[in-house]
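Report on one structure; see the data block that follows.
For reference, chains read A, B and C in written order, and residue numbers begin at 1 within each chain.
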């Protein structure tokens, strides 16, 4: 990488960088046009030798890959960032807007049963915590959000959550006539099998 | 930034005044239209003549009216306000109300400057090297493992959207049909049928209505009774007479053998 | 890219290369350990300047991207980012230049109501976020731009917004009332009199 690359080399470099799969010189040519492809690839490979990222050829196709000795840094775990399920997202939203709430109350608002794993996921994520018991028959456990919840969602307090008016204005509350809101949640008891 | 400079990166309608007479769909409200007209003055917005602009706007609205274009109310409100402003600006100084027309004009000018500045900023922002359009990140990065356990991801937008959907979904969709005070057709047939027997001579339809009804039930009773009368006439149980359109309607019991007039 | 990179730099280079999202120095540190991160990043960015791929910083996070002049080679039909309506573009600009800003303030500048869905589109794109409430009567929700906004539009920080300083110096980011006050209510409309 000692010489300044020319535009042809730069184009090859960029094309290989964004490529979804290793590319043959013929495929590259479709993008970057005519030129001394072999020389440019060799020169690029040379420029990247010894760096954290190398340009390599495998079976006639070229691609960038990280240097083999850095594998321990980049080692991929089985776990990956995961999106919360719809059910978990809704449960979290209800806890945030109504805390502290018991599981039965969450179900009443959602209109759907809350599967066992849903609250576990939220607690594992560190966003929800048990907040004691409600002093009613059966003494159900009640749940509230945590400080981590606020920091993850960039809120300084729960009061910063948009209110119903804001949600409506943003078009998030669309299909329903809110004049009926006062009538309370009627349950449609389907099972949340997707989250179990 | 001068109007000339701006005209370059704005679509051509600003440069072609005749386009102004075509359609109001182009403008997002009167302020937008005013800004377009102001740019046609080809001077710095700080130097714009509000009086000239007002005249242009009023002339434009007048032209649109002659073409019988449907004008949204806010355009007309602005026109009325500008007409007022124009006459105030032309009044002798001593008679000027408070706030002064100059201040009102200055306010309008400042608003136009601000809208113009943001429109310009927006164009410059959109022209930047945007990811996915001008510059590209790797399309298939292998990814780094950040933590050993699952990292749950959710944005505030997801959260409030989820809540909005719950609220939207769990509102029971109850369609309540209001119980309106009506007289049903069956009721009317019974009532008119029973009463007409007693009326041997022509009797006005209104006489068959229950006394002391309030609106809107009275109207319903009248309508139902009229339909009931038609039905009973069809059955041959009564005759109907009306001397002309909007004249009173008379009923009487049908006598077998007697033909309706 | 004239000097041979050391292992610390190589590790950062490799980590950024495989990363799925732009990374902050703190996140990088989790992978590559301690070191003079700032110097290493600066040196890497320098090494990649002028190449087909550049290392850039956006809102405190770093990522590799292709050089802008190669767009024509790399652009694909399906890459075209969503087309924003004029209302959405202007709303985005107003939020960016005035943040944090309330819906009413946006409407005051545009002279029309913010349509349902406009803010929704911007939030869904990840460019705009609710940023708490203004402590005035009604406690309106206020909006600001996100780090993703900076990345997408290639801004290192909000200070890089095109023309920001000029607009600020010209008072064009102040509300009309404030600007009037600053002018001492003095009229600049003398030129109207001649034309009348």
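By definition in this document, a residue touches a chain if its C-beta (ideal position, glycine included) is under 8 Å from a C-beta of that chain, and two chains touch if they have at least 3 such contacts.
Computed from a predicted structure; not experimentally measured.
Asker: Would you mind checking which chain's mean C-alpha position lies nearest the centre of all protein C-alpha atoms?
Answerer: Going by the distance between chain centres and the overall C-alpha centre, it is C.
Asker: Using each chain's Cα centroid, which is most distant from the centroid of chain C?
Answerer: B
Asker: Roughly how many whole angstrom separate the Cα centroids of chain B and chain C?
Answerer: So the centre of chain B lies 36 Å away from the centre of chain C.
Asker: How many Å are there between the centre of chain A and the centre of chain B, using C-alpha atoms for each centre?
Answerer: From the centre of chain A to the centre of chain B is 41 Å.
Asker: Take the average of all CA coordinates in chain A, do the same for chain C, and state the distance between these two points in whole angstrom.
Answerer: 21
Asker: For chain B, what residues touch not just one other chain but two or more?
Answerer: 136-138, 142-144, 146, 155-156, 160
Asker: Touching at least two other chains at once: which residues of chain A meet that condition?
Answerer: 14, 17-18, 66, 74, 154-155, 162, 170, 172, 174
Asker: Touching chain A in the complex: which residues of chain B?
Answerer: 136-140, 142-156, 158-174
Asker: Which positions of chain B touch chain C when the two form their complex?
Answerer: 28-32, 46-47, 49-52, 89-90, 100, 102-103, 105-107, 109-111, 113-115, 117-122, 124-126, 128-138, 141-144, 146, 155-157, 160
Asker: Looking at the complex, which residues from chain A come into contact with chain C?
Answerer: 1-2, 4-5, 9-15, 17-18, 31-32, 47, 50-53, 64, 66-67, 70, 73-74, 154-156, 159-160, 162-163, 166, 169-172, 174
Asker: Quick check on the complex: what are the chain A residues that touch chain B?
Answerer: Residue list for chain A touching chain B: 14, 17-21, 66, 74-77, 79-84, 86, 88-90, 92-94, 96-97, 109-111, 121, 124-125, 127, 152-155, 161-162, 164, 167, 170, 172-178, 180-181, 183-186, 188.
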